[in-house]
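Heads up, the next two complexes both have chain A, just with different partners, chain B and then chain C.
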Partner chain A sequence: MKENKTGMRKSKKAKKDREIATPKEIASRIKNTSEIIVKEIKSNKDPSFTTMQRGKGNVVWDEQKRYLGLGEKTIVRNFLNVAHARKFMQTSMIMAKTNEYLLQNKTASIREIYYELKHTIEGTKENTFEGQGESDPVIVDLEHSVNTIREKLNLHANPKGTLYGNILLKDKMHFNDKFNASKLGRGGWSIMSRIEPEEIELLETDAEYLLVVETEAMFERLIEEGFPKKNKCLLIGVGGQAARGARRLIHRVHNEMEMPVYVFTDGDPYGWYIYSVIKQGSMALAAHSEFMSVPDAKYIGMTLDDVETYKLKNVTENMKEGDIKRAKEMIEYPWFQNKEWKRQLEKALKEKIRIEQQALANRKLDFVATTYLPEKIGKKDFLP
Partner chain B sequence: MSKNQEENVSNTSLEQDATKLDLSFKEHSIAEFFKKNKQMLGFYGKVRTLTMIVHEYVTNSLDACEETGTLPNIDVKIDELGNEYYEITVTDNGPGISKENVGKAFGKLLAGTKFHRLIQSRGQQGIGCSGCTMLSQMTTGKASKIITGRKEKKPISLEITIDPKTNEPKITNLKELEKNFVGTAVQAKFKGILYRDSEQGPLEYLKRTAIANPHAQLSFRDPQGQKTIFKRTHDKVPDLPKEIKPHPKGVTVDEIITMVKTTKARTVQSFIMNDFDRTGTKSIQEMKKIINFDLNKDPKKIVWDEAEEIVKAFKAIDFIAPSVDALRPIGEEQINKSLNSIIKPEFLTVLTRKPAVYAGGFPFQIEIAIAYGGESGKVTSDGKKMEIMRFANRVPLPFDAGNCALTHAVQSIDWKRYNIKDAENSPVTVFINFISVHIPYTGAGKQSVADEEEVLEEVRLALMNTGRRAGIYISHKKKEEENQLKRKMFYKYIPEIARALNSITKVNEEEIKSKMEKLVLEKLKLDEAKDAEEMKKLEEIMENDSKSSVNNENKKKGKKK
Partner chain C sequence: MKENKTGMRKSKKAKKDREIATPKEIASRIKNTSEIIVKEIKSNKDPSFTTMQRGKGNVVWDEQKRYLGLGEKTIVRNFLNVAHARKFMQTSMIMAKTNEYLLQNKTASIREIYYELKHTIEGTKENTFEGQGESDPVIVDLEHSVNTIREKLNLHANPKGTLYGNILLKDKMHFNDKFNASKLGRGGWSIMSRIEPEEIELLETDAEYLLVVETEAMFERLIEEGFPKKNKCLLIGVGGQAARGARRLIHRVHNEMEMPVYVFTDGDPYGWYIYSVIKQGSMALAAHSEFMSVPDAKYIGMTLDDVETYKLKNVTENMKEGDIKRAKEMIEYPWFQNKEWKRQLEKALKEKIRIEQQALANRKLDFVATTYLPEKIGKKDFLP
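Here is the complex of A and B:
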């Protein structure tokens, strides 16, 4: 962390190899994979494509790194297998197309690459891809096969999430624009789906922590109350479950700006799971935890203790069927095996109530900005 | 119910029984009886009745031709005259009928030449052409028209009805015709019947008749004017079956009552000794111990109860098994020819089993064919289904399939063992001809064979044998098709893959393509070799299967001895 005279901190370069892999390097990995396939073909072998097995069966909790990771199980897909041939073809097409994007410095949404590759196979009535449902999993296969994330294949999904606060960013793909995320109006900056360092550079900030909030409404409330400026913090609204772009940005701000991350969600199993995904990754994207998780993140609230501390009993709601089911699952997760969270989840299952972030308005509209958050952060009253 | 009434009831039912079983007792009322009981004689159901009429005429024609060694050409036409009102015309090239006999053939019930003979014949079902004459006049009030011509004689034309009181033919409009015609043509009108192009309809009936009679040529014109010809595939009239005397083990009470009407014997004793097969003085001695009436009685005076006693005695005494000389199978070669000509299957296997004996006395023989592909199978809205063509002495049995031993035998086969997956829904035709001098029919309709243990077993063995051959062919073919499909599937993806790999690696697209195609072919060759090995194993398993079932068969035979 370097501080200059104005109190602004400069970004620290990402340290890990995988994170700074350039498009050129990713392209060469694709080329490598393809050359192995061609070599197999030339030497009369059934060509194969190897990727990681995904899903519950191959997700492991990495005690040391404190995030969900992918196990060692791989899948080999052979061309000369009736069940694999079509997917083998689709994989080769996605490889060729992403290779092209990388070399031409183009990016595309996963919907666009699907449309670009969809056509009728010559001499048949069969399409190369029958729907995006067929191309999306092939993209995930390739991500795992060349050991990267789709953002580095110059692909992106739909953007979601907003950033606000005193941080200077540079968009290298757009005239090298420099902009401050606190000077774009009250709406802040829409976090793009793809925010790799090759595109968006984090330059400098004076913020002391990053506050992630679940709802857009809370995000707006805090800006209206001038919270980020008064408390020297950055604000990210994730709007429910955090999208890849938002998670990647939280990860990068945390690592590159060496900034603590605090998460503020509704006080229910769904909100706590949002926190859990930001902190230690998700089952579905276990392989990408390295790029996206923030194991040091802390949880502010809402907790069921807040209900008593801040006298909110009259604005609680009953937990729904799905909340109860999720709480029962979460209590078994290895990463919730600490006494604070166990207590919290047991309490939820016992009282069967939930509390929303915005229920704090019951005390007063600005209560969250003037009292709740400053008190909690000041006392470091967090859940791990 | 008073005692009186009770007696009345039992009397009536007794009377009915007597009428049913002893037609010849009251000869003058036969026609009247027919009128009341046409259902019992097979004339029920609108579609079925039409087919039965065609059956009676065609059977008569076939038998007539064969008796004089003529290759049959039979032409059937059906014209629709109104609602459920048809005219049926059947013309053959048989020997023709003399003026004297035409009345017997078409105008007198139960006067057929075969009725009292035990011979492997077609004419054991129904009630013959006279029955049709009767049905025609009953439903339309019209006479049947006959034209018949014999060699070197002028053909005659006439109209015929039956006097229902006397069972005597009434011939009108008898004329000699000034033209050359050898054969018989009959034309009659019927009401209350219905033409259907269905499995039970006359077209299918004629098709099956043609299959079982490769020496016959049949042509058919349906009410819409559509013409179908089933060509002759074999140029030899089958040898006439030998007439044999009935074997005592197989005779029924009503048959005895019928036989005594025409016997030349003067005593019951000589009737039993002369008119039955394998009977002798030893049998008579044994029978005397069982039978309570005098065996010197005039057989023509036998009453129902006495006939029943004779049958019971026959059952109790041992006789030598009947000879199998009278059986006349169609023959594997002939079935092969006719099925190939009419069904045009991709694959066909035919088997004529050796004669066997059922119920301790009746020789019989089974012929089986399994046809696959081509026009095999039943066409339904739900795709092709398995079709079972049942025959008794070459006569198709289109009705009452569910009650028939031949159907039951087919259903009892586990087709999966023979690699015929989902047999019910496959394009398969199973042909079964049951040959015997005495067919154990169930029911008066004479359309289904009774579940005699030996019959079921014979049919099953024949099915296993032919099923094995068919299964080997079908699985070979399926594997081949699968491999073709696989090749196509792999091939279609190759150009896309080659293009993609070329764009990344710059290796020549054509080179990648041809190498990949070679890979596919090599892989399929390997698969084929593997399949062949599996097939070999399968064939061995099935071979052992059929051996063990033959062993079982031998064991059973051994036990009986």
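Here is the complex of A and C:
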């Protein structure tokens, strides 16, 4: 990371092999998998396809890497097994189509690939796919089988989230546009569904940390208060649970720009869960933590201690059943086994209250920007 | 509208008095209303506050203006009426606080103003507001009473929606940033919750029409295909029902840049309803149609006729109960009383199928951009 005269630091490139892979490389992995199948067919063997077992039974908490990962259990699907044949056919179709996308530089939403491939098989009444519920799991199979994420298969889900702050980005797939996310008025940049280093480059920044904000309304508040400029930080508004594109961007800013990540959510089990997914990954996407997690992320607030410290008792709300259930689950997770979080979750289960980030407005509209966040950051008053 | 050498057209300014109003003007309207109350108090009269009656009973279909409006029925609240006293107090608080925002150039979300004003009244156990469910209706009261929209009271709800295309905008409240929404990579500009002409100026564009798109995924598809550049248009992705900021921007682009608006949604009653809200307004916001509606907007698709024309039978889905219920309601609305829409809704109720915009991928991923939209626009094949 080098600093130039303007105080802007250049990014270091994403290093890991798996994080950077050209479409050609991924296509060749698909080709390799296909060639094994073709070989099996030619030698009159039952063709097979191997992927990873998913679900709780194969999710592991990787203590060294400090994120959720997938275990070693694999699944083999055989074409000559009546129970597997349909899925085998679907997998071949998804492989062929994503291969085509990669070679033609096209991308598609997971809904589009479903629609593109759905048809009635000639001479039968059988549809290739009955619904997206059939194509989505096959996409996950393929991700695991060729050891990558769907973004690198040129697939994506819906975009969500907004970036603001003094960072220069470049989109190599769109006229090599260079744009600074602090110069788009107060609206910010709409984060794409796919943020891969092969396409979107993070060029330079003068920001000292990245603040991830749960609600878009708080994101707007901090911009109105001039917080990012005064405090030299970037903001990402995730709008609830972070979408894959937003998680990928948070991960990349952290790694490529060597920037601490602080997460700011509502003070309730849902908000804390949003934090834990950004930090350690989720069970559903355990295989992708390497691409998306930020184990060094810190939690800045809201906490139930804030209720007392900042005199917010009057603007708490009662926790709902869903919150209580979630807190009970979270308190058992290996990655919440530290005294600070155990204390916080126990407090939540005892007091059964929650506090929203926007409730800080009760002190004053700008309190969050002038007092709450600067104090917490100054004192490094974080949860782990 | 003048065209310069580069083919970029300048916007004409929003003309109507009500659409442009400085914070000072709005503050003075609040002051006037308050002064009447003070006068009543001083002359020992029961102070009163007048607003408009809302709900179906006072919503009218304005045939001349071609949008939903509010009728003439008013409501008077008296402070010395036990049933009104609490709301009267709440209204005064909202008036004082929004007045403060306006004079200090602050804005707040409707959740923040609730939190900012919530407190226990000294010497009692009574809270000023028990929940946002109490403050939101008071905000609407005030909008009607001072004849404006909450955006001009410096209030806003959550932002949603994305803008893409060759249009130059300026944010006067943020370093006078000028930015072109076609030069932000493929991500586009995240539309703010408030898009008022006093703050956000639409400077110039070379676009010939504005295409409003229901899903963010289709928005991304059209950008990937280079559709806006090839077809000289702007795109706004609304992500379902359009948020107020997005509606305000659509309205302003239409009026200030004299640009036709085409709306592209899923082919189902929910999508058609999204269109009708953009075009004629909604019952809930009937008072604000003047600020938000676009009576000249046209509907480009999807229609149930598209299913046959474009051979999409295989990728339709069954309508759900909610869709059927909505279609039955819509067929009775005065603003759907034309033969094209009646036919479409009857067809929906008969066939009970729906067709998504992403289902066009069944023909080919780029079919929507190379064939479907250009054909429809070329032939002016719209629903009214």
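We adopt the following convention: the second predicted complex is superposed on the first by the 384 of 384 C-alpha atoms of A that agree within 3 Å, B and C clash if a C-alpha of one lies under 4 Å from a C-alpha of the other, contacts with A are read in each partner's own complex, and residues count from 1 in each chain.
Just so it is clear, contacts are C-beta pairs under 8 Å (C-beta built on N, C-alpha and C of every residue); 3 or more make two chains touch, one makes a residue touch a chain.
These numbers were taken from a predicted model, which means no experiment stands behind them.
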Query = Touching A:R354 in the superposition: chain B (first), chain C (second), both, neither?
reply = neither
Note = Per residue count on chain A, the busier partner among chain B and chain C is C
Key: Which of chain B and chain C A:M93 touches, first, second, both or neither   = first
Ask   = Of the partners chain B and chain C, which touch A:R77 in the superposed model: first, second, both, neither?
value = neither
Inquiry  = So in the superposed three-chain picture, is A:E216 touching just chain B, just chain C, both, or none of them (first/second/both/neither)?
reply    = second
Key: First (chain B), second (chain C), both or neither touched by A:K376   = neither
Which superposed partner A:K152 touches (first chain B, second chain C, both, neither) = neither
Key: Partner chain(s) touched by A:A85 [first = chain B, second = chain C, both, neither]   = first
Ask   = Can you name the residues of chain A that touch chain B in the complex?
value = 30-31, 34-35, 37-38, 41-42, 44, 46-47, 79-80, 82, 85-86, 88-89, 92-93, 95-96, 99-100, 121-124, 126, 128
Key: Residue ranges of chain C in contact with chain A within the complex   = 106-109, 111-113, 115-116, 118-120, 127, 156, 158-160, 162, 169-171, 173-175, 177, 179, 183-193, 200, 215-217, 220-221, 223-224, 314-315, 356, 358-362, 364-366
Key: Of all residues in chain B, those that touch chain A in their complex   = 486, 489-490, 492-493, 495-497, 499-501, 503-505, 507, 512, 515-516, 518-520, 522-523
